[in-house]
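One chain, chain A, appears in both complexes that follow, with chain B as partner in the first and chain C in the second.
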Partner chain A sequence: MANTFKTDPIEFKPAAAQPAPSSTVGPVAWIKENLFSSIPNSVVTILVILGLLNVVPGVIDWMFISSTWSGASQDACVSDGACWVFIQAWSQQFFYGSYPSDGLWRVNLSLILLFVVIVLSFTLPANIRLKVSVPLFLVLPFVCIAILDGRLVGLDYVNTDFWGGFSLNVLMAAAAIIVAFPFSFLWALGRRSDMPLARSISVVFIEFFRGVPVLALFFMGSVMLPLFFAEGTNVDKLVRVWIVLIFFMSGYMAEVFRGGFQAIPSGQYEAADSIGLGYWQKTLLIILPQVIKVSMPNILATFVMLFKNTVFLLIIGIPEVLQTLLTALSNSNWLGGHAVEGYVFVGVIFWLCCFGMSMLASSIEKKLDTSHRN
Partner chain B sequence: MSTESKVADNVEDTIIIKDLNKWYGDFHVLKDINLTVKKGEKIVICGPSGSGKSTTIRCINRLEEFQRGSLVVNGVEMVEDVKNIEAIRREVGMVFQHFNLFPHLTILENLTLGPIWVQKKPKAEAEAIAMKYLERVKIPEQADKFPGQLSGGQQQRVAIARSLCMAPQIMLFDEPTSALDPEMIKEVLDVMVELADEGMTMLCVTHEMGFAKKVADRVIFMDAGEIVEQNTPEELFNNPQTDRLQLFLSQILDH
Partner chain C sequence: MLKQKTTEQIKAATRKTESGSHAFYNNPKYRAAIYQALLIFGLAYFFFTIISNTFDNLEAAGIKSGFGFLSNAAGYDVLMSLIDFSSTDTYLRVFIVGFLNTILVSILGIFFATVLGFIFGVMYFSTNWIVKKISVIYVETFRNIPLLLQILFWYSAVLATLPGPRDSLSLGEAVFLNVRGLFIPKLVGEGGSILVYLALAAAIVGIFVLRSWAKKRQDATGQQFPVFNTSVAMVIGLPFLAALVTGFPFVIDYPALQGFGFRGGITVIPELMALTIALSVYTGAFIAEAVRAGIQAVPHGQTEAARSIGLREGKIMSLIIVPQAMRVIVPLLNSEYQSLVKNSTLAAAIAYPDLFNVFVGTALNQTGQAIETIFMAIVVYFAVNMFISFIMNRFNSNVELVGR
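On to the complex of A and B.
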């Protein structure tokens, strides 16, 4: 057998690579392939272009060209375009609600802390990433509350009635998802558990908070929750809403995590078992890090959903950004009908944040693609 | 019953399986398996797929439950008790067909996880042990890489080293070369042969008949959940007693 290969070796030279045919690369080929590949496709392309030509110039004109950008009051807005003066004049309220002007740095500091922790959780070296970022995330909501509230850290006390604006939407969503994280992990574990009691409690909980509309939950939170507290205790409205958001979020995230658990091959559990790791060691050291990794895009998608749902807080009178906008629109100095500008503005800032998170999610997905081939 | 009930003082017999029966629902997968393994003995288990050979060795470290019969590993009887199961798992290393390395940990972390968390060794000592075994499987230079960056053969050698780090008395191999590209099978088998030469007690489910002839003290042929024949490799391969084994041998050798 072996002898048959024993001839004098001939040196093997790989053939040189040739360029791809020019009709398949370049912008012209791309347009042909994607926009005009067939007659129906070409018709659709032309119709879409005509439609855009009809709408886009008008929008650009309204938003940028004939709009008014500077001025002190709505009297400055004399043209047909958008009156951005309105947004400018109310920008502090839109972002910070009625938080005292000399304490705005406290809101900014909270937002910066949130941003720093998020960036750290993606940029720290892989071997310490979870060990550092998980504790940071878990203390973050309470640090932010302490800074905003002020009493614990020796700053002026600011009652939660004054918290508001877009910063409240962001911080509320972040604080809710962070605290929901460990809970949802436990619910997901419970739902996969062999113990009938743990499993049924988890299923009932998850399905309740997934099945009831978030608006109904907010009403329950503001009306029903106080019934459960001892008489005389007055739990802050924001805290009650926070609790509702945490439960709502952990119901959804539990299902995200469950999906993540199912994506982990059974061999991982068996390998951990064969080494002799106990249940919690196996779950926390082997399974959880992988679950978080595969669930990251879905966690971010759930977060986007929760973030947008924070505008429903206006229903129970919390001055988040949309509520602030409604207040501004009914102000007697600004009765010129600036609703369109206001809604466009709120839409754009939400869209920017959510689009940013989607980009983050897709970049994580790409990263996963390369590092998770096993 | 005490958690680590010693039932056999005869340490010569490392594994004693008596009348082991297992069902998946109504399906009877293992039927009256009886097997005694002596310390240092190398056993190769072969048989057609679905014959219960993997299930048998997975019962030994309780990755599979069994419904009837008894199993004693290193003098500890397997009973329904977490402490007891963990005590047995500490003595038994296992290597899987698909390696099952932890993809989120580096090679070194894969190896030190058990010593640090199960055996409570200090990190430096665990790393020294890990490097020792990585050198034995000849890939110390890969210590800081992640499993996904290694070839299949290298991953399987890491998996062997990971088991060895726990200083097991017994090693179980569940088709360790079946998922490998042909050119990588040899590097893994070489490590296994070396391990056998050092006197490790080994149970190996494999179709590598060359390995069986070279290393095994005993080859066991299983079919339909039963041990059909067992003998030395020469006897078993050259002088099969049952038509079932003859058919199996003709199928795996004639290609």
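On to the complex of A and C.
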């Protein structure tokens, strides 16, 4: 050390740090600290591990080891394990409902279009992102309906009675939230408006659709809505449910947007005023882009709620995925009691989608969080 | 918001002073009036169309509107009712039966969801890695699976696989669980039992009196009073004393196997069980999230400060952290409870006779009175949720930060 100082007195080289004591690093120390830090902790750990050992091997055995993966009918399922043949045999119905087999590409195309538009809205260059993706989103539901229905684009006509399965859940939720977007934005603006009438109408609307059980809304859609249309008009059941979902969604989203509006600093409004923008210019060009940005995590959370709620459609008899599962369970060829397999399968699909979206929401939230609290 | 309003007002004011050169339609005041008039006109037209269409449609279908149907005999039986009901009773009674069933499942659901939510929410802060992970797995699993799927799962994949009445699972020959439901003993009071109930009520009132007295005394003198222990002693002791005086005027009615089913005791039908389990597990996951957020919102400095004045760990939680966390938790609990009540309408999927199922479902089908039945049901859900909101707001003002 002394020599180094003589040759190069300016450079200071600290001695290399000592390695941490072996009792505080490595898996053993981690286990000691996190699992066996005290006597009650150790007892809890051991009890939990014993409990898991009791349950987990049985579940794994049922799901993977002694389960049947291939076969043509339920006769193939002779073991005690899960009968995944049931899922396999009904997978087309679970995903596409009773949509004609030669037209499945139309459902796939709709889903791909949805996916492409979502990806575009995140990846386009920032200067044209909103200008391109907003119109794309607004057109999308109607394009998808045209493709699935087929009459407008010269394909075979498929009645909405045949639409169903998990793809219906996805498309229904997406179509509802997209159309609800502009409405909810208007309701949120109305609630913040200085005009007393506009404000009170918005408040009544928002609170009504947030306060009523969604099932009551579906019933209104299937029983009351036909009464509202002029005599002789026959509106498709799916369209009526779509309208209900749009209203329901715009009530919830209006509150999300209201939170977003409140998060925008008043300096933004003042700056827009000072450069002489009118009300709509100010709102659409300055405020709305920022509102969408800050409320993105909450919009996703609301979408997850809507997506889970699409299952409720089964109660009014629309063949979404859970209804299809119930139909499959009561099919005379499959009466072997495959309820658990079915529920696990549908549950896992929903779980993957909802969990993925909530992960996405929290990652966006982290990205947006520029505060340095901690 | 406030500032933004003032700029609008300044703008309006400046425009006013130089009016004369401006047309009246550029005046924000007139503009607002015109917009609102248009809005009202549009809305009035919309409602007028809807209402006249509805009347036309109802006339065409031959349905007489009004609430007269409520006094007609319902003609169908209800699976479970808390009050006496037979198929000759009126639709109004069906309404009450359904309402009580909704309240029952809501209270059970709220109770168990709160218990589950607080247990798993606090478990997240355990120093034990496994315990913490269990909390995370619980929340993420049950939050992300549709409630309806969970209800059906509990009903037809779990409860339906229970053994039949003859080989039911039993606990000390008093509690039985089988595919027909859960059978628990029932406490039947005889004469003089009224005194015991009165003693219990007196004990509960006494606790509130005691609490406010103890708080006042602590504020004045700094002396603490063991409120919790005294309260427990009062709730158990007073009724026990009353029972001792009146000579235990109770008979326990045990359920017993008779023929193919159980007689006596209280029967909890599997529909109610499935709905309660699913509602509490699902809402419990959301409440656990709320509890976690509430505890995380309390700055760590509070714990350190509490440690530095020598409080024990248990006291830190109950005296310092939880009261502050409650400020965040209570408003969230409010909305979770309200959504639980709304979600209880999913009873329709498994035919639990709640208000929605027996009234909007069956009664609507039989009478065709769509608007009346749905309206009545909606009013009830609004009223219940407003009641919850009222209670929770009262509770919230207790835990709120008081500015001095």
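Criterion: the second predicted complex is superposed on the first by the 318 of 374 C-alpha atoms of A that agree within 3 Å, B and C clash if a C-alpha of one lies under 4 Å from a C-alpha of the other, contacts with A are read in each partner's own complex, and residues count from 1 in each chain.
The rule we apply is simple: a residue touches a chain if its C-beta (ideal position, glycine included) is under 8 Å from a C-beta of that chain, and two chains touch if they have at least 3 such contacts.
Since the structure is predicted, the reported quantities are computational estimates derived from the model, not experimental observations.
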Partner chain in contact with A:Met220 - chain B first, chain C second, else both or neither: second
Touching partner for A:Leu277 - first (chain B), second (chain C), both, neither: first
Chain A: partner with more touched residues, chain B or chain C: C
Partner chain in contact with A:Asn127 - chain B first, chain C second, else both or neither: first
Touched partner set for A:Thr327, first chain B, second chain C, both or neither: neither
Contacts of A:Thr45 with chain B and chain C, given as first, second, both or neither: second
Which of chain B and chain C A:Leu35 touches, first, second, both or neither: second
Touched partner set for A:Gly211, first chain B, second chain C, both or neither: second
Contacts of A:Ala198 with chain B and chain C, given as first, second, both or neither: second
Contacts of A:Gln290 with chain B and chain C, given as first, second, both or neither: first
Overlapping contact positions on chain A, where the chain C interface meets the chain B interface: 270, 273
Parts of chain B lying in touch with chain A, wherever the complex brings them together: 61-63, 82, 86, 89-90, 92-94, 96, 98, 100-104, 106, 109, 113-114, 117-118, 146-148, 159, 162-163, 166
Footprint of chain C on chain A - complex, ascending: 34-35, 37, 41, 44-45, 48-49, 192, 194-198, 201, 211-216, 219-220, 223-224, 226-231, 262, 266, 269-270, 273, 304, 308-309, 311-312, 314-315, 322, 326, 339-340, 343, 346-347, 350-351, 354-355, 358
Chain A partner contacts - residues on chain C that touch it in the complex: 1-5, 7-8, 11, 32, 35-36, 39-40, 43, 49-50, 53-54, 56-58, 60, 127-131, 134, 140-141, 143-149, 152-153, 156-157, 160, 338, 342-343, 345-346, 348-349, 356, 360, 364, 370-371, 374, 377-378, 381-382, 385
Touching residues on chain A, where the partner in the complex is chain B: 127, 265, 267-268, 270-278, 281, 285-286, 289-290, 293, 371-374
